[in-house]
Structures are given as C-alpha cells and as structure tokens.
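Lettered A, B, C and D in written order, each chain numbered from 1.
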Amino acid sequence: MANFKGHALPGTFFLLFGLWWSIKHPFRQIRRKRERQHGDRDRQKHTVLFNRIDLIEGALKIFFAFVGIMAEQFVPDGPHAHLYQQDGWVKLMNWQHSTMYLFFGISGIADVLSMTSRHVPVGLDRLSLSMALFVEGFLFYFHVHNRPALDQHIHSLLLIAVFGGSASTMLEVFKRDNTLLELFRSSLAILQGTWFYQIGFVLYPLSGSPWNLDKHDNIMFITMCFCWHYAVSILIVGICYCGVFWSSKWCDGRPIGDMEMGLRKCPASDSSSQKALLQESDEE
Amino acid sequence: MANFKGHALPGTFFLLFGLWWSIKHPFRQIRRKRERQHGDRDRQKHTVLFNRIDLIEGALKIFFAFVGIMAEQFVPDGPHAHLYQQDGWVKLMNWQHSTMYLFFGISGIADVLSMTSRHVPVGLDRLSLSMALFVEGFLFYFHVHNRPALDQHIHSLLLIAVFGGSASTMLEVFKRDNTLLELFRSSLAILQGTWFYQIGFVLYPLSGSPWNLDKHDNIMFITMCFCWHYAVSILIVGICYCGVFWSSKWCDGRPIGDMEMGLRKCPASDSSSQKALLQESDEE
Amino acid sequence: MANFKGHALPGTFFLLFGLWWSIKHPFRQIRRKRERQHGDRDRQKHTVLFNRIDLIEGALKIFFAFVGIMAEQFVPDGPHAHLYQQDGWVKLMNWQHSTMYLFFGISGIADVLSMTSRHVPVGLDRLSLSMALFVEGFLFYFHVHNRPALDQHIHSLLLIAVFGGSASTMLEVFKRDNTLLELFRSSLAILQGTWFYQIGFVLYPLSGSPWNLDKHDNIMFITMCFCWHYAVSILIVGICYCGVFWSSKWCDGRPIGDMEMGLRKCPASDSSSQKALLQESDEE
Amino acid sequence: MANFKGHALPGTFFLLFGLWWSIKHPFRQIRRKRERQHGDRDRQKHTVLFNRIDLIEGALKIFFAFVGIMAEQFVPDGPHAHLYQQDGWVKLMNWQHSTMYLFFGISGIADVLSMTSRHVPVGLDRLSLSMALFVEGFLFYFHVHNRPALDQHIHSLLLIAVFGGSASTMLEVFKRDNTLLELFRSSLAILQGTWFYQIGFVLYPLSGSPWNLDKHDNIMFITMCFCWHYAVSILIVGICYCGVFWSSKWCDGRPIGDMEMGLRKCPASDSSSQKALLQESDEE
C-alpha cells in the first residue's frame, strides 16, 4: 500500500463518509425540529426512514471493511492469509491495515445491531466508532519508525485528526444527538480524507520532483497546510449544512421562519418539554 | 513471579472478573427494565438479591487480595515480610505486587461497605476500583526499566488496558448504572486478563524457541496482536450479553418484545419519568 | 514580525478582548438576574442590545483578522501572496501568522452567523473560538525549533495560556453561560496579552543589555513571572467584575440586595424553574 | 528551605487542611441530610454556622499565606524583597515559594468573598483552590533540574498528588457538594502532607546515613512507598468519616437509621425532588 493509491483509497472513504454525515445529520435535525413544531403527523414515517438510512450506512461499512480486508490479504503482493513463515512475520503492514478495517467492520456491525434491535445499549454505535478510530490511530502511531522526518511528521498530523475524531465521537456517547458534535465529527472525517490525499501527493508525487523529506521548511509548510485543510473542511461542512437547510425549505414549501435549531430556542409552548423551558429561563 | 505462572495467575483473575461483570451487569439491567415495565412485584426481592451478589463479589475481592499478599510474601523465595536488610531492600518486586493486591483489597472493602451501610457516599465502590487500577498501572509504569525493547513494549500495551479501565471506572462514579460503561469496563478487564497470558507466552514460552526481544517485526506484531485481543474481548462480552438476554427471555416465559434497554426508549406511559420523556422527544 | 512590535500587536488585541469580555460577561449576567427578579419588562430590549453587541464583536474580529492577514502578506518584507518560488517556500513565518488570523476570522464569522440566524447550532461561536485558539497553539508549538532555551521556554509558557483558553472555551460549548468559565476565559485572554508583551520585552529589549538566553536562572525567573502575570490578570478581571457590579447598582438606583448570581441561589418563588429548586434542595 | 524543616512546614499545613476537610465535609453532609429528613427547624442556624466556618477557613488561609510569604522573604538568608541585583536574580527559590503562597492567599480571598457576598459566581472558591494547586505543581515541575535521580523522582511523585488534587477540585466547580469528590480532595491533601514529610526524611535524614540518591532500588521503593502513603491517607479519611458519623449520632440522640447519604437513596416522599425520583427509578 506504500504508493499513492494506497493513500487515496482510505482518503476517498473518509471523505465520502464525512460528506455523507455532514448532509445526514443536519437533515435529521431539521426534520426533528419541524416535527416538534408542526406536530407528529409524519413522525413515524421519518423515524422509519432514518433508521433505514442508518441501517444501510452500517451495512455499507461492513461491506467496505470486508472488501478492504480481502484486498489487503489477496493483492498479488499480499500475505494471502499467511501470518508466519520460517523467516518471520509475513507482510505485517497488510495485516495491520486488515486489523484497522476489522474494527471499522465491528463499528458497522454495532450500527446494524443498534438499528435492528431495541435491546442494544444506547450509544453502542458511537462507542464502537470511537474505538475503531482509536485503533486506527493506535496502529498508525507505531507505524512510522525509522522513517524520514517529514514522513513521520505528516503521519503524526494525521493522528491529530484521528484521535480528535475518536475523542469527539466518545463525547457523543454521552451527549447524543448534539448537532455541533456531529458536524465536528463530519469535519474531522473530511479532514482525514483530504489529508490522506495530501500524504499521497507528498510522499509519492504523481509528477514533478520528489519532496525533500528532511528539509525543515517543508515540515513547517506541511504543519500550516494541515490547518488549511481543516479550514477547507469547515467550509465544506458549512456549505453542506446551508445546502440541506435551503433545499429542505424549498422542497417543503412551508415557512420555517420559526423553526429553530438546538435546545436553546425550543418553543415554550411545548408543554411537555419542561427541561427546554428551564434551559430557556436559564438563558434569558 | 518472573515466569509464566506469575503472569497467568493475575490474568486468570482479571479474566474471571471480566466474564463475571459481562454477565452480572446485563442481567441486572434486564431485571430493572422488566420491573419498570411489569410493575414492582419482585422489586424488593431482586434488589436484595443483587445487593447480596455485590456483597459476595466484594468479599471475594478481599479474600483474593489477602491470599495474593500472603502468597507474594511467603512463597519460598519471597521476602517473608522483611522489607529492609543490611544489604538493601528485600525482594521489591514481591512487595510491589503485594501493594497492588492491597489496593484491590481496599476496593473490595469499599464494595462491602457500600452494600452493608446506607451511609457510605454513592460511587465509593467505583472510585476505589478506579484507584486500584490506577495504582496497578502506576506501579507497572515504573516496573520495566532496563529491559529489552519487546518486554517494555508488551508491558506498556498492558498499561493502555489498565489506565483505560481506570478512566472508564472513574466515569462510572458520575454516570452510574450506564450499561455501556459497565460493558466497556468488562471488555477491558477481559483484555487485561488475556494480555497477561500473552505476556507470559511471549516472555516465558512454554515450548519452542524463545522470542527475539529486540526484533522490530516482533514489536509490530505484538502491537497488532493487542488489537486482536481487544476484538476477541468485544466478541466475548457480546456473546455474554446475548446469552444473558436470551436465557432471561426463555427462563421467564414472559414476552419481552416491548422490553427496552437504556433511557432512550423508556415507555412514555411512565408518567413519573418526565426526564425520559424529554429524552425521547429530543430523539425523535 | 521577529521584533518587539510583532509581539506587542497580538498582545494588545488579546488584552483588549480579555478586558472587553471581563466587562461584557458580568454585565450580561447582572442584567439577566435582575430581569429574573424584577420581571420581564426590559427583557426584549436587553436581548436585542446584547445580540447587537455580540454582532459587533464578531464583525470586529473579522475586520481585525482581515487586516492582520493583509498586513502579514503585504508588509515590505512580506511574501506578497507568493507561497512558492524556485528556491523554496516564501516567508513561511508570515504565512503561519496569516493562518492564525484566518481561524480567528472564521471564529468571527461564526459569531456573526450565530447572532443573525436562529438556525445555526447552539455553541458554534464557542467551538470556533476554541478551534482558533487550538490552531494558534498548534502552529506555535512547531514554531520554535532550534532556538535558545529561554526563547523556547517563554513560548511554551504562552502555550499554557493558549491551550488552557482553548480547553476552557470548549467546555463552554457544553456549559453555556457559566459566569465562572467566561471570567476564566477572560483572565486567560488577558494573561496571553500581557505575556506577548513580556516575550517582546525579553527577546527584543527596548533598552538595556539583552537577556542571556541560556542562563538557567533566567528560565526559573520567567516561569515564576508567568504566575505573577496570571495573578495580575486575576486582579484585573476582579476589578472589572466589581466595577461593573457597582456601576450597575448606582446607575439603576434600585436595590439589588436580593439579586443573586448563579443557579445556587435562585429564588424559590420562580415556580417554573423546578430544576433550580432541585438544585437548591440538593444544596441545603 | 532546602532542609527538613522546609519540607515539614508545608507538609504540616496540607496535613492539617486535609484532616480538617475530612471532618468538615462529612459533618456538613450529615447535617444537610438530617435537615432534609426532620424538616427545616435548624436550617437557618446551621447554614450560618457553616458559612462562618468557611469564612474562618478562608481567613486562616490568607493569614498563613501572608506569614509564609513574609517568612520566605525575611528569613536571615532570604531575599529581603530584593529581586534583582548586579550579579543576577536573588534567591529565586524563596521567590518561587512566595509565589506559591500568594496563590493560596488568593484562594483564601476567594473563599472569604464567596461567603461574604452573594454576588460572587458560584464555584469561585473551588476554581481558585484548583488554580493554587496548579500553580504549585507548575512551579515544582520546573523546580528540580539537574538534581540526582531519586530527588527528581520523589518530587515528581509529589506532582501526582498536586495535579490530582487540582483536577479533582476543578471537577468540584461543576459537581458541587459531591461528598465523594470532597473526600477525594481531602485524601489527596493528606497524601501531599505526609509526602512532604517523606521527602524531608529521605533528602535530609534526621539520623543515620544519608540515602543513596542514584540507586535504582531506592527509586523502586519510593514509588511503592507513595502508594502506601495513599493507603494510609485513605484510612485516615475513612476513620474521620466514621468518627464524624458516630459522634453525630451519639450527640443528637435521634435515630438516624433512615438518614441517607447522596442522591441515590433520596426519600421518595420528597415530592418536590422529581430529579431524585427519576434517579431512583433508574437505579432500581
């Protein structure tokens, strides 16, 4: 996998999942608020729809993880499911990548279980995603020994996105359905995706001369470049959020001037939501 | 203790406690939810039963800790309660292990006190368990100076399980009776147990040639192997959870189709649980 | 920017923002409590006023960030928007500073959006400010390679104020409108401001002999000096708090003997705030 | 201060404060619960009593901090308020200790303000104590350069108690009046106190031969010894808790069989405490 494609592939997956999340979560929040405002007419319908979407997302994760493991094992220069031979461990890199995919597969299974059974503890899907990201970061951390300075640095920057995502997803276990945390996770997933591409471009340039992997200026540029990637990632999430918001407004044709995001501005007329009321009275 | 048995013994204890927790906690959750649904008929009975179980667990911990301390002190090559002699400290390794057992004993005493007296602050049992794990990790951290690279690495991986368990148990002080945290703690205990075995197999192989403790490939394999252990540990906890769930269903003969786990899906008919209602309305 | 002015400029901005926050937040809290006590007469008016103030604050942030980026780019020895030339990267220091300003600009945009639209997730303003501080600390962390010991130390002390502010602001996402956290953030902003000045005075002394950058005693003094800066910063915030409090009392001419800060002492007569009641009964 | 007395003095203060807290906090909790049970008869009286006690505690802190600063400055070999002379900084050690006392003095001022004014934000006393401990740890961290291995190690163990106390006190800002956290803080204060004595005994032995400061066995023993100190500290806090509990029972002569600690077991008859009810129904 030590080539451009080997970095572009996981990058594409993280990018796709990040984009998908930054569309799914705002959409779901808007639906929920609208229902709270206009009554429960389509509530049952939408809950079923969103559960089905989550189910498909989980199934896709399992499928991609399975394909990934198979690909890592049975590419021409892969280990072909051999772990140990007389001369030592066989293709440990491929085995490590397989292990990463395995945990994303477990996360997919947890998603599917959370959606199909009501007896699964709440938050299992987020905890397993957090574990999958932690394992990814954990294996990457011990991945880059004895490499040039820039190679190590560019991978350790990746770890910030990975462990940041893991910590943020762990928070979601306890602060479920917090729009901001969901968008933060989306932005970190997009960051990870684009950064994988950046690693590919730097270490295995498609054209032009290769980078000097020991020059300090390059390290300084890459550090700054990581921030630019995050700024772009925030921009993408922002565009998706606005896009979902406006398309939702136009499709429905109903005024959403009073529709509101988040607990802060919950309508006081909702008599059952005393907590929201309290929240509001705290704010004013 | 620097042999296979010395690692297998604590491994067995952690394994047993992990398995026991991954059976006890789901069972207790299922009982609680069933009672909430079908009324309070057997509530008093079950509360007494679970308190007794916790009491026995605490007593066992004290007993094992006491046996452990005695064994460390009075094995033939132990310090026999001598701490200092003319030529220096006596058998500090054994004293360190005794100290670890001491704190698990304190955790057992806290369990017993929490169950027998209603005047003990809530959460003392979890805090003391968290401290016991912290002390274990703390002593292990300064345990492995001047050893080969693989020996240090394999012990530092153990620390991830130990400190992870300590942090997760500390969270339980504030988020009491959260099924997910309890299962997470169980899985980390099982991981610690199996990893103790793995350390024993690697450092003191029962058969075959000894491992090369300085080869980088071995370190890479062990890192990955740690993840596999955790995957297996998740699998074991999952099987226990399902086993408890199905056996509980069959034993009772009552339909539990409507029975639910966690706050998310609390029955809206429970008029007193306004908080749950709010939670639900947030979710939908 | 490697001169006294280059450190005084950002220092002045952080100092001004810290002072402004330590006046704004107590003022807002006092208004809120007064309204809770004396009824909702001027509520609408004050909410509009405070929203407008936040809007102006956000606009100022955007303006300053834009000016800062322009200045860094187009000063006589700046990169003039050139990033790469034949001989390598152009003026990376200026580009890094521009990147820092960019994220404070994004934070300003988030402030403006939070105030103008009700559809923005709650807490976006704090999260973006936290990210801006994190990026500032992140870039500074990789900023000071191969410099003398005192130079590195004095910058790493700055990081404590920066990352402390980032963490505290992140907490505000979840604990919104907590007076204590807001004052803590103010004090850390003032600390950062005065510390920038201190860095300027130490590294580029305006008069007298330059500091010995490798003497251990200087490092010890600077460490202690950082604590003194924080003590002064606490004093400034305290004076602002008292000043706002007394001026608010005198201007209004209404007795505020019964007015109270924080949830702890909420009037029990407020029938709708059951949560506050519970809180109170917990306390007694 | 580099002698036995210089370590025994702060040790004694931390020990006294730890013991005092481990008596005050249980006593206050017992009073509160008793009042909740038997009605509000003496509530006003006790609230006044406890506020006065906290006031005295704060005043004592200020007094001790002032005496400490004066002593550090004007001992025969102290700096006598001179900071800089021709040949460099004067007695930086004494200045650092003065700085530590200063922040404990600020914490005392915050205590007094919290008790005398109702307009101070809730939690200021805990935040300022947390900051005082942080500053203590921060200065100690840069205190022990170029010293023998054991000297560095024994001071870095102290940091665990200091930063642990700081983190735990910070938690109390958000989880106010949590008995467990208060007892935890007390135990860490006692640990810090006894550990200061231990440092004094090891580095400046009163009798017998001095310790070999570079022997690895000594480091291993000291690590374990730190755990024993904590076990003793837990024991002391436990004895104080039981002592307060039994003396409170005997003095009053009223049965407290039904009296309960913590939220878990709040009487369900308390109709206003719906939150407690919910908590209870979660637990059963």
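Everything below uses one rule, namely that a contact is a pair of C-beta atoms (placed from the backbone, for glycine too) under 8 Å apart; a residue touches a chain by one contact, two chains touch by 3 or more.
Predicted model, so just to flag it, every value in this text is computed and none were measured.
K.L.:
What chains touch chain B and also chain D?
P.N.:
Under the touch definition, chain B and chain D have no mutual neighbours whatsoever.
K.L.:
Please state whether the interface between chain C and chain D is built from the same residues or different ones, using more than half shared residue numbers as the mark of same.
P.N.:
Different; most numbers are used by only one of chain C and chain D.
K.L.:
Using C-alpha centres only, name the chain that sits farthest from chain D.
P.N.:
A
K.L.:
What is the distance in Å between the mean C-alpha positions of chain A and chain D?
P.N.:
Result: the chain centres lie 42 Å from each other.
K.L.:
At what distance in angstrom does the C-alpha mean of chain C lie from that of chain A?
P.N.:
30
K.L.:
Listing for chain A: what residues touch at least two other chains?
P.N.:
Those would be 263, 274-275.
K.L.:
Identify every two-chain combination in which the chains touch.
P.N.:
In this structure, the chains touch in these pairs: A-B, A-C, B-D, C-D.
K.L.:
Could you pull out which chain D residues touch chain B in their complex?
P.N.:
The touching residues are 29, 160, 175, 179-180, 183-184, 215-221, 223-224, 227-228, 230-231, 234, 245, 259-265, 274-275, 277-278, 281-284.
K.L.:
Can you list the chain C residues touching chain A in their complex?
P.N.:
Interface residues on the chain C side: 32, 35-36, 43, 47, 88-89, 92, 95-96, 99, 102-103, 106, 118-124, 127, 131, 135, 138-139, 142, 145-146, 173-174, 176-177, 263, 270, 272-276.
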